[in-house]
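Below are two complexes that have subunit A in common, paired first with subunit B and then with subunit C.
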Partner chain A sequence: MQKLRDEIVAKCKALLEDGTVDRVIGWEKGLFDYDCSPATFTKENIDELVYNEYCGSNLSKYLVKESKAEGNVAVLLKPCDTYSLNELLLEHRVKKEKIFVLGIPCGGMKDEKGELLMKCNTCKGNEHKIADEVMDSDLTVPEARDRFELVEKLDGMTPEERFAFWQGELSKCIRCNACRNVCPACTCLKCVFDNHASGIDSKANADSFEEKMFHIIRAFHVAGRCTDCGECSRVCPQGIPLHLFNRKYIKEINELYGEYQAGETEDSRPPLANFTKEDAEPSVIYEKGRD
Partner chain B sequence: MQINENGEFRPTIVAFCCNWCSYAGADLAGSSRASYPADVKIIRVPCSCRVNPMFILRAFERGADGVILCGCHPGDCHYSTGNYYARRRMTMLFGMLDYLGIEKERTRVEWVSAAEGAKFSATMNEFVSAVKELGPNRKLRDLRCKN
Partner chain C sequence: MYKLSIDNLNELFALIGQDSKVYAPIERAGQVEFFLWSVEEKVRLDALNTVKSAKGFFFPQTEVLYKTKLEGKKIEIEAAEDAEEPTVYFGVRACDVKSFDVLDKVFLSEPVDSYYAAKRKHGTIVSMACSKPADTCFCGLFGIDATSPAGDVVTWIVGDTLYWDSKTEKGEALTVKVKELLVDADDVEVKKQQTEVKEMIAKAPLHDLSLEGFGGDALDELFNSPKWEALSSACLGCGTCTFVCPTCQCYDIRDYDSGHGVQKFRCWDSCMYSDFTMMAHGNNRTTQLQRFRQRFMHKLVYFPANNDGDFSCVGCGRCLQKCPQSLNIVKVIKALGGKKND
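On to the complex of A and B.
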């Protein structure tokens, strides 16, 4: 890993030296070993860049802001992060001509306890979907498990059990908005949850309904655009399995409108911004589970 | 939700009706004297795809017991394609409500054209009685909101 990190730094230095880019988005070391935070580097401090098994965060969202600033910017993206970048390019959130994507290999990322991150359990594979250059390495990604396992388990429960499950999970929510802020698909300049007139902006949940409303709407806004990068669950300070909302939408979209992986290509059409005349009627939902 | 003097439960139903078909369908139901329960409160929207999922959740929060969205038949949208998008969105939203354990019978989408006054009244009668059977909506209410 150290060797790979040195190669990455050398590559970034070369990019900064020959003027291809002015800044590099990478990770810097925090207080603890497991604490690697996203940071922007220039020629002066590029040596502080780290890359180890705790660099789980997805850096593609930072490009929204960075690609609008002056100068070009390089970004380090793991294979799964490139899906998010494709989605951002598709939505014209990132200026492609101002970025340089350095694809870096990944061998699975860990959380602070040293366990594999939730998102790495359902790894998307070794391939960078978009990259200007990919670093060589012998790292291999962890084996992927079925990502819909838990969603199917929930689907199999009775509505009362499901309601109790979500009541228990969502009542932990402190509305810190971390899930929204970290999500690479949540890039609205003005968020519906920042609207003062709505009565539900930036405040703690006052009752059980507000908890659910926030999470239903948050997941709905990224439905069909969510690449299942798992950042929402990773950053949740309360440990709410938020990815289960996104995966429910993904599963439903796959079943009703055909398999779709957001961010797979740069020019696909998100299923909720699309239709066919033969689409299922909303009543399929009531018919499900009745037979 | 209302309880009338006989102790009978009267649901509050919010019906989002598209301006071009269903709202005119409701008009026709009125002018042709087809009756439907007064529990149905109609909100006119320019197109069924104007309905944001938040509207539906908001209606529940503010005390609705059932929400029904009525639009033009697929293919007949005044704006050509609006109801196709609405159809996908509502399917997704209803699936999520079901996933959270909320009774799926409280939400519905029906296509009602301007010539279908009888269908409008039959749909509303049927939906109101279905929601009446489910009882008051407790899972999705803001408990601070009174009627």
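On to the complex of A and C.
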């Protein structure tokens, strides 16, 4: 991977030299080997850019901020990260003309224990869905497991068992908002949970009802827009499997409206934001809700 | 010094539990936190740091301070939950015990926070020495000895034996209460473990940090450092670092209309949030750079300026482990501190 990293740096240098971009968003080394951080580079410090198996964070959301800054920016995106950028473009949250997307191959990303990240177990594949250029490499993503495996297991539980499972997980939540703030689909200028005028703003879960409310609202707000990039579960300090909420909604949407992968292209019609005569009737809720 | 077999831990907790509450590190849904002990729970004394720190014992994440009830022209005031109940906190690590000193300086100085004070007064702390510090630990930087924590009773686990040494009056009282389970012991094994662990700490990755250049005198220079920009640029403005930190102490208070009165509610707040210290004229920190700077300046500059040079970090390493983007106080210390960190 060192060779690929050197080639990426050489490419970024060329982009900075010829004026295509003013900055590069990539990763820098942390205190240890396993804690790389997102960082912004210029001509002066581009040699500090790293790319290794600890660069799991998805850099696409930083483009919202970068789109408002002066000048152009190059961004390093792994295959899965490109879905998030497409979704951001679809929702007009970033300006493509200011961005140079350098697609970088991926061989699977790891956590601090050296284990494959949850998201990489169900990788969407080697293809970059949007890129101005893709770096060449023989790296290949790990073989994917079925991403609905656990959702189906939960679906198979009795309502009481399922409730107990989620109660156990969500009662760990400390409402740090890491899952929300890292999410590339969460780009509201002011989140309802931060907006005093919304009447439901809150900084802490005062009881078990509020624990669930935050999560159900969060997941509903990204339903049909979530690309399943897995960042929410990666960052949760309590190891709550938030991706299972998202995947539940993705599975339901697939079943009700036909297969849909958010972020596949930058001009798709999201099923929940698009009306067709074939759409599921609202009454499906009554049939589905019972067990 | 006394000892007891760790097979007898549940009996110890049950005995203490006869007339007080017992909190211990307990695993639920894969994570270890301090929870109220009961015999069904899975106690995890081997886990190093709980996700949330021990500060919640005395400064809980959410708390109803009081309620008022309005009937016609009569206002009735209902006091907060009873905080007078004796409580034993078992298995608190050296860094977290030290964090109580930091919190005491805030909550027990005038005007005293009576909610905090009541819980602190009725709490007995049984600390536990560390035998396997993590790569992310750097408590030594703040003069903390992980092999010899403070606390009312200090414990060490060597093999299958728990060693017990009381250090204060409260500790003595607890020792008397559980005497029937304890047997006399010498400190040979404890000393041996301490020597080994100290050697490990001396070789740990973060053992040679320096705080040179921090403290109240450095205010202007550090505040205006151009390095904050790069340090903070990846910050998401989530509150993870502040909520897992044992010394972060800021809170928000709101009055809620309960339909027939008012509920006075307090919860943890985070300087990383956009509405932190919001005032009538708006917010005095409008960028994430300013908010990020506030957190670290508070710990390394403002707090020592107001508290005889004591820092408001205890080196527990939680912010190193939990920040989604791996930003943390050690990076700040290395970037802004003296040459010794190079």
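To be clear about the criterion, the second predicted complex is superposed on the first by the 277 of 291 C-alpha atoms of A that agree within 3 Å, B and C clash if a C-alpha of one lies under 4 Å from a C-alpha of the other, contacts with A are read in each partner's own complex, and residues count from 1 in each chain.
Here, a residue touches a chain if its C-beta (ideal position, glycine included) is under 8 Å from a C-beta of that chain, and two chains touch if they have at least 3 such contacts.
Owing to the predicted nature of the structure, the values given are computational and were not obtained by experimental measurement.
Touch criterion met: A:H196 reaches subunit C, while subunit B stays clear of it.
Judged by the touch definition given at the top, the superposed model places A:L116 against neither subunit B nor subunit C.
For subunit A, the partner touching the most residues, choosing from subunit B and subunit C, is B. Of the two partner chains placed by superposition, only subunit C is touched by A:E169; subunit B is not.
Of the two partner chains placed by superposition, only subunit C is touched by A:T40; subunit B is not. Of the two partner chains placed by the overlay, only subunit B lies in contact with A:K277; subunit C stays clear of it.
By the touch criterion defined above, A:V134 reaches neither subunit B nor subunit C.
Applying the stated contact rule after C-alpha superposition, one finds that A:A206 touches each of subunit B and subunit C. Taken together, the two structures place residues 206 of subunit A in contact with subunit B in one case and with subunit C in the other. The residues of subunit C lying in touch with subunit A in their complex are 28-31, 33, 51-52, 61-62, 135, 205-206, 230, 233-234, 236-240, 243-244, 252, 265, 267-270, 273-275, 320-322, 324-328, 330-331, 334. Every residue of subunit A that touches subunit C in the complex is listed here, in rising order: 30-32, 35-40, 57, 62, 112, 168-169, 171-172, 174-178, 180-182, 194, 196, 203-206, 231, 234-235, 237-239. Within the complex formed with subunit A, the residues of subunit B that make contact are 53-54, 57, 60-61, 74-75, 81, 84-85, 87-105, 108-109, 139-144.
Interface residues of subunit A facing subunit B in the complex, by the touch rule stated above, are 154-155, 159-166, 192, 206-210, 212-213, 216-217, 219-220, 223, 245, 248-249, 252-253, 256-257, 271-277, 279-286, 288.
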